[in-house]
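You will see two complexes here that share chain A, one where it goes with chain B and one where it goes with chain C.
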Partner chain A sequence: MTAESADTVPVLSVKGLRVEIPLWDDIVVPVNDVSFDIAPGEVLGIVGESGAGKSITGAAVIGPMDPPSRIAGGEVWLQGRRIDTLSGSELRRIRGRDIGAVFQDPLTALDPLQTVGEQLIETIRTHLPLDRHAARTRAIAMLDQVGLPAAERRLDDYPHHLSGGMRQRVVIAMALCTDPVLVIADEPTTALDVSIQAQIIDLLKTQCRQRGTAVMLITHDMGVIAETADRVGVMYAGRLVEIGSVTQMIKAPRHPYTHGLMASIPRLNQIRRRLTQIKGAMPRLTAIPDGCAFHPRCSHAVDKCRETLPVLTPLDDGGAAACWQVGRSGNRPALPQPSVVPDLAPLSRLVASEPPLVDIDNVSQYFDVSKPLIERLATRQGRRILKAVDGVSLSIRRGETVAIVGESGCGKSTLARMVVGLYRPTSGSVRFDGTDVGKMRRQHRFQMIFQDPYASLNPRWRTASLIAEPLRTHGIDVGRGVRRRVDELLEMVGLSAADGDRYPHEFSGGQRQRISIARALACEPEFIVCDEPTSALDVSVQAQILNLMKDLQDELKLTLMFISHNLAVVRHMADHIGVMYLGRLVETSPASELFARPKHPYTRMLLDAIPDIERGGRVGAAPRGEAADPANAPTGCGFHPRCAIAVAACRIERPNLVAQGDGAAVACPVSDTSAAAPADASHPVELVAVR
Partner chain B sequence: MLVVGIVAFGLFRYVGDPVMSMAGIEATQQDREELRERLGLNESPLLQFGHFIKDAVRGEFGISYRAARPVSDLIAERLPATIELVIVSSILALVLGVGLGILVALHPQSPFSRIILSGSLIGNCLPTFVNGILLIYLVSVTLHWLPSFGRGEVVAVGSWTTGFLTLSGLKSLIMPALTLALFQITLVLRLVRAEMMEVLQAEFIRCARARGLSQRAVNFGHALKNTLLPVITIAGLNIGSVIAFSAITETVFQWPGLSLLFIDSVRFGDIPVMASYLILVAFVFVIINLVVDLLYFIIDPRLRLRRSVAMTGG
Partner chain C sequence: MANVDVGPIASSATEIGAKIMREWRRWRRRPLVRAFLATPRAMFAALLLALFAIVSVGAPWLAPHTPFDPATVSLIDSMTPPAWLADGSWTYPLGTDDQGRDILSTLMYGSRVSLLVGLAAVLLAMTVEITVGLLAGYVGGWFESVTMRIVDIQLTVPSILLALMIDGVARVMAPREIHHNLAIYTIILAIGAANWPSFARVARSRAMVEKNKEYVQAARIIGVSHLSIVLRHILPNAMAPMLVIATIDLGLAVLAEAALSFLGVGMPPTQPSLGTLIRIGGNFLFSGNWWVFVMPAVTLVLFVLSVNLLGDWLRDSLNPRLHRAGIKLA
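Entry: the complex of A and B
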């Protein structure tokens, strides 16, 4: 325990760090002149959008970097000892011993061919002088501490036996098993569902606090930072542009970029017709502008910003910002707010009397996930049916935005695909304007926008051809030439007509999603299904796309079905929300009602799990348990094993949606009584075990 | 297996008239009829196929038209030579291929790796017979180090004749085995290299490094095992093709193995030998595939029967 003697010395001190990646004709600098300290036991958050250099900074501290990347300048000090100049084998003694690492994707962070125990014991024995037996005991204790039930048995499990959340617990156990002084967590929760994210954040926080471990938390999610960190550093285009306490950063960010970043995050507690947006996107590393890298996107920029690079200047309150406009006191001269577009008055777009445009009637989608026949006969197992969507009914009126939310595996994407006719429902039907979708041959009246703008555009086609394709396929006569129409569409989504001759790879993620939208709009559809359209994008770009979609909806009188896991985004977009769990709708409600008075316990759990930026994190306790495997769903109400208010009947009887007075419908007979008093997640009822 | 059986039988039954080739031009019509009866050629094709399968299962493949001896005897005579050749060259291919592949993957920038890689390209491009002939020219004709053809002295161990026990047998084995293995070495090498480089990029390797494990533990404990999964499949299938390639090698080196027998039979239209060779090769392929699947099963825990682990609750 060297940590105690070194209380005054920062655990980690990075000074002027510079990382270079040589290309064949150029040198790219993803991290440039980054300096920060982490005090013992402190949690420092590093935020930034993709390409900001935050992960590379983390990697450089753990070092050595994968060639050809190299540390080209600066110093890294760990507890008063310089470590960036150490040899490979000396550094190896520090890695895993003094610095633990938690990576983003728990599904790939563990060797699939070795048991959890083998990997854990291997780490312990590499660094600590323990024999096999003692290491095993320690491994069991670690797994127990990170909340893995039946830790001793889990030791012999392979990673694929464990769910994502469980694996992340194992990774954390592995990072902490040698009692390091510093843990570097690179997007530790990004790949996880909201409810699991809350559990993991809780775990990381409590474990590190107990041990006095300092944490460098790298993430793009301000919510996670607000909940966990003591101080935050904001990175932009390879440089630290602002650093300071979390409350400071949330309440009064100094740098215009931080300001815009904070404002562009959709919040749960406010409904705005438009999100504040920062124009443009982060520059590519090969084309970082002169002067302040942010100046092309900054509405405060003056000539000095375009010419001279601002340095990170300490402010009176202990923070620091790199902006010419920020004075020593931390005050920025009063300039117009960055590109705030006035909120539009909510339109009354709904025509209540009309029949619904889309009528989803009791649709189900079952997938046969049985083993091959011979194996089934040998093991005497029956067929296994995965009920991806199980009896969902929903109607969408013209001009409305209906959102479907739920965690991964709840069947929301499957539902979306059935609605546009990509999947034929196992039972039930989807009618579009009175006609069965399955029987329609030409489907130009509705379109779909997909999640990943990198995968959904054919890389070998020019943008104009991509957008024109639906026009050609459906043989639609646009009356004024296909190219004219394409140009029109490009301008409609905020690109220029000249962009039609470029290929998808020449665009950024946000621009690609604009192209996807233009393609979806080409045939003048009435109805668009958007499957997680912004979850692959950065926050500032997400705000642009969401604003664009809202504008287009008003302009073109579109009806939207919006699939998302992000409740804040949904709140911003939707008029009506359906919450799905294990293939079933558990609650449908008008948006305002759902957030004000969530009725189903699952909805409440989801809302509780979201870190509230304003109030410095999540309010309630972390939700319990993980969603069941849809192929092996619990009997009765699918949510009962995780539900705090479950009664005996919940295990047997599957509740159906029952309409409430305020336009909502809830599939929970128990919640009626408890809806008045908010569920106390603070003292959860014992888990109802039914296995 | 069955398909190959049918093809082999089809060959046997319909390609040419065996009676013509066996009986010779001077035979009378009556002789021919007798022979036809003895060979069972007058029965219905289905019945003949039944007999064919029955005999094949018992290891009897009929009588060679050319040598007028049971095919099983001929094969038993030649089998050891081929098996020894194939085993030695497979081991060479695996050991050298995997070993060099790992080296090249771990040190992609070193001059040694570059030489190996460009060398492997040559090995990959040159046809086997060219390799063989080059080797013969270099080692036997110019340097006089090793014999250029045949098996050398062999020792009979029971019904098995082996070249492993005599010096000249071993010497004769080196070149054919190397020739046969060369293509496989390069293939395995490139495969191991590509797979290993990919695995080394994987997140769990980064994670293992971040845990401060030694290079050895990372490279051999974690990376190699994951590398070998796909390599096993390809390598297994290739041992099968080693047998196919052995036809050429055996011809070049006049190696008295099965393939040489096959080639000779093709030349003389000796259908029973060809048919039984086909079946034998198919059989070996099936066995190899089975072994590969079993190996997969041993290495990859994901394929083992899943214990029912309940994930809910926490």
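Entry: the complex of A and C
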């Protein structure tokens, strides 16, 4: 180390890191023999699916691990100084000053009982020799730099006064306020909406570049990596399986896992194609296979992979991969490709003339979020009504997939729950095949699949009983027929009959979602509402579930309503898309039309906010502002405060959906003129202000 | 020699055996079981409780004497000290009381009564109030407000006072001759009623949490009836905290019974519980015959202690926030 000059010393150097967690009767190793360097000013992305050990690697670098986890081997060097052997107090000094941290959940990263200013000033004064006044000035400057409007006034705000995006800005300000040499960002945008994610990524990137701060960016999102990172390390089951430059990783990934991971991400430029999928799921830490941990899922695996662990071998171009099949030049021998599954059938199954299967007619759902009467009288406040869904009309034809997209709080889940009759609409009605769903009791013709595969299955029931419940409830099958049907359903969703005896907690997230699907299918429904069915899953598993749902849809002639925040997933699934903002539909359009010619400025903003993996990030500028609180929505068009083309009328008059010639309908009178000009799909639509 | 033919019966027997072994292994792997097997404190308490249970249930067969049969009791043997003291005899290992009854046997019979009263009171409280609480939490609205206010009011009445009241009312209402037979039911009702509110409140809050979970919504869309949702989905998932309360309340109920009997409104001397025995013993505490008092008192302490130890452990290990720390306990 001493021989090297200052600028070639990596900011962070991790060598052979091994973390152990002792269990009752076993020791699991969530991080095993991980080595990497981060050069000054470099952004290293660490990607991997859940359970890969990426967050624990970050935690081990930051400092003493929470017992019982322990660093059981390896070294961590920060600027040529070994830090994993330091005592608690020495490490604390370094941790705050030289390493900044940004975590996933900005709410828990801030102390709810202290103002933003107190927390910032405390951090600054702990690590820098500044007096109170100087620290305060610095805190204001920091908040200003991270883009918090009226920074001085924000000092006295408590974290709950700020929105999620604002809070994450404050966390970034705290991480950067001591001018650290390294920032560790663990899923910094995962809890945020796409439009906010784009802002935060921009901020992190520009701030760190200006200061020359190195970043270790831990995320599962390849889009974020493509936009931000210089180099990428891919982790699988506790080990680094590939590391290399970001372009290399995107254009020509070497490790079969990286390859599969990249291929299974739904892209905006692919329509209605079957996603490439990796079979199986990440092994549990207690059962990591011998040899290469990836071999059970790998289509290139040979006997050597099952027996001997491949080490991370440097390649000629500076990258490294841990795979027996990758030669020194980085080429994988051409092995037979996994059997090509035919693409899915086109839209021909739609019958336009039939009456709609589901007819959502001007439904609204208002929630009363007023304070209690006495408090209202004392403060002279009126009632506060939260219009979660406000006058939405939509019809779904038999065999069609209609997707509803929007950011959190736009009312899409509330709408889904009204469609299946869980919530009764405040006004308007939902008709299923001509009957009001509120009047349908004990029906089995429509079902719902929920977002959280951990919460949507009763943990105390065996899988077979869970799937048998709808059969028994509706008398679809009785006696011995039940078990036979359950086995059939299990196999239909890609599980085995033996899985029926197991409890939900014995399955992975993806498998549980399969159980939920089997359970919904047991009712023999015609229509299924899917509320973010894959947003809790890893990408490779998401691809499996999406493919499964498309297959089942074709096989069983299902009609789907698909709720999602992810436009790429929606593009892959839907025939027709509705975009929601603040409880209202702002645009409905055939899927191809929506992506080729987005008409509402909000739709365009959403599309622009999505990082394009191939082109190394977003094309357009980051969106402005954040969605308003639905309990306190702006007057007129809800989107006008963030809209680039808003005119005075937008503040007053609320636009309604107006049908366009191409089957689309848009709730924006202003954008009509600009939409008339054909937009080139490869360039962002130029937003022209019409005044 | 040819291979031994196992035959269909033997093979199905090994199959069943294998199945039992599989279930046992699955059971052994359950976190609660593993936590139990790794906590000596819990195992000690459970062992002691098991001993109490065996002794109580088997008292008529296990007890060396039948203390409440006047024919077998002799006044000559009264106030014999425990066996290890001078004048003691191994006929009466723990000595005798003023009427010459064997204390060990009275303790066994007394534990039987105490345990019966405690268990019955807790079961009564559980069934009544879990039903009320679950319904209140699930249905909500005015039903919830009304039932929960009743529960709140009940909480403000001291439990001993409530028990005295119920006992008093029962004594007035029922004819004199059956007072003695009635005692056990009044006391179960009295103690059960005193324990209701804790179950009702926990059951309600659990039901409120569980009913908003997605698996309940899923069941609703599937078309499962409300009753079935409450009984088969919510109740099993709400049981864990209730079991903890039940264990801790069992100790409290036995103590309450002892207190009532000590006050003279509990079990009659002809059918003594541990509390009654302590009351009787209290009369001889200062006359040198301490064992008449100390033996039932120690028994009661041991019993309540083991129930509480087990309840404490159960609370710790069922607490989801401590689940991760299951590792820590190892």
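Points to keep in mind about this one:
Here, the second predicted complex is superposed on the first by the 660 of 691 C-alpha atoms of A that agree within 3 Å, B and C clash if a C-alpha of one lies under 4 Å from a C-alpha of the other, contacts with A are read in each partner's own complex, and residues count from 1 in each chain.
Criterion: a residue touches a chain if its C-beta (ideal position, glycine included) is under 8 Å from a C-beta of that chain, and two chains touch if they have at least 3 such contacts.
Please read these numbers as outputs of a predicted model, since none were measured by experiment.
Considered on the superposed chain A, chain B and chain C are sterically compatible, since they fit side by side. When the shared chain is aligned, chain B comes close enough to touch A:122, but chain C does not. Judged by the touch definition given at the top, the superposed model places A:448 against chain C, while chain B stays out of reach.
Residue contacts after overlaying the shared chain place A:23 against chain C, while chain B stays out of touching range. By the touch criterion stated above, A:474 is placed in contact with chain C alone, chain B being left untouched. Shared-chain residue A:149: touches chain B; no touch with chain C. Of the two partner chains placed around the shared chain by superposition, neither chain B nor chain C is touched by A:654. Of the two partner chains, chain B is the only one that A:101 touches; chain C does not reach it. In the superposed model, A:462 makes contact with neither chain B nor chain C.
Contact with neither chain B nor chain C is seen for A:70 once the two complexes are overlaid on the shared chain.
Note on the composite model: angle chain B-chain A-chain C, taken at the C-alpha centres, equals 30°, rounded to the nearest 10.
In the superposition on chain A, the chain among chain B and chain C reaching more residues of chain A is B.
Of all Cα pairs spanning chain B and chain C in the superposition, the closest are 6 Å apart. Once both structures are placed on chain A, no chain A residue is touched by chain B and, in the other complex, by chain C. By the touch criterion stated above, chain C contacts chain A in their complex at residues 34, 38, 213-215, 217-225, 228, 233, 236-237, 326-328, 330. Chain B makes touch with chain A in their complex at residues 201-204, 206-215, 217, 221-222, 225-226, 299-302, 306-307, 309-314. On the side of chain A, the complex with chain C involves touching residues 21-24, 67-68, 417, 420-422, 441-444, 446-448, 450-452, 455-460, 469-470, 473-474, 516, 519, 523.
Across the interface of their complex, chain B is touched by residues 62, 66, 88, 92-97, 99-101, 103-105, 108-115, 122-123, 126-127, 147, 149, 157-158, 160-163, 165-166, 171, 174, 199, 624-626, 628-629, 634, 641-642, 687, 689, 691 of chain A.
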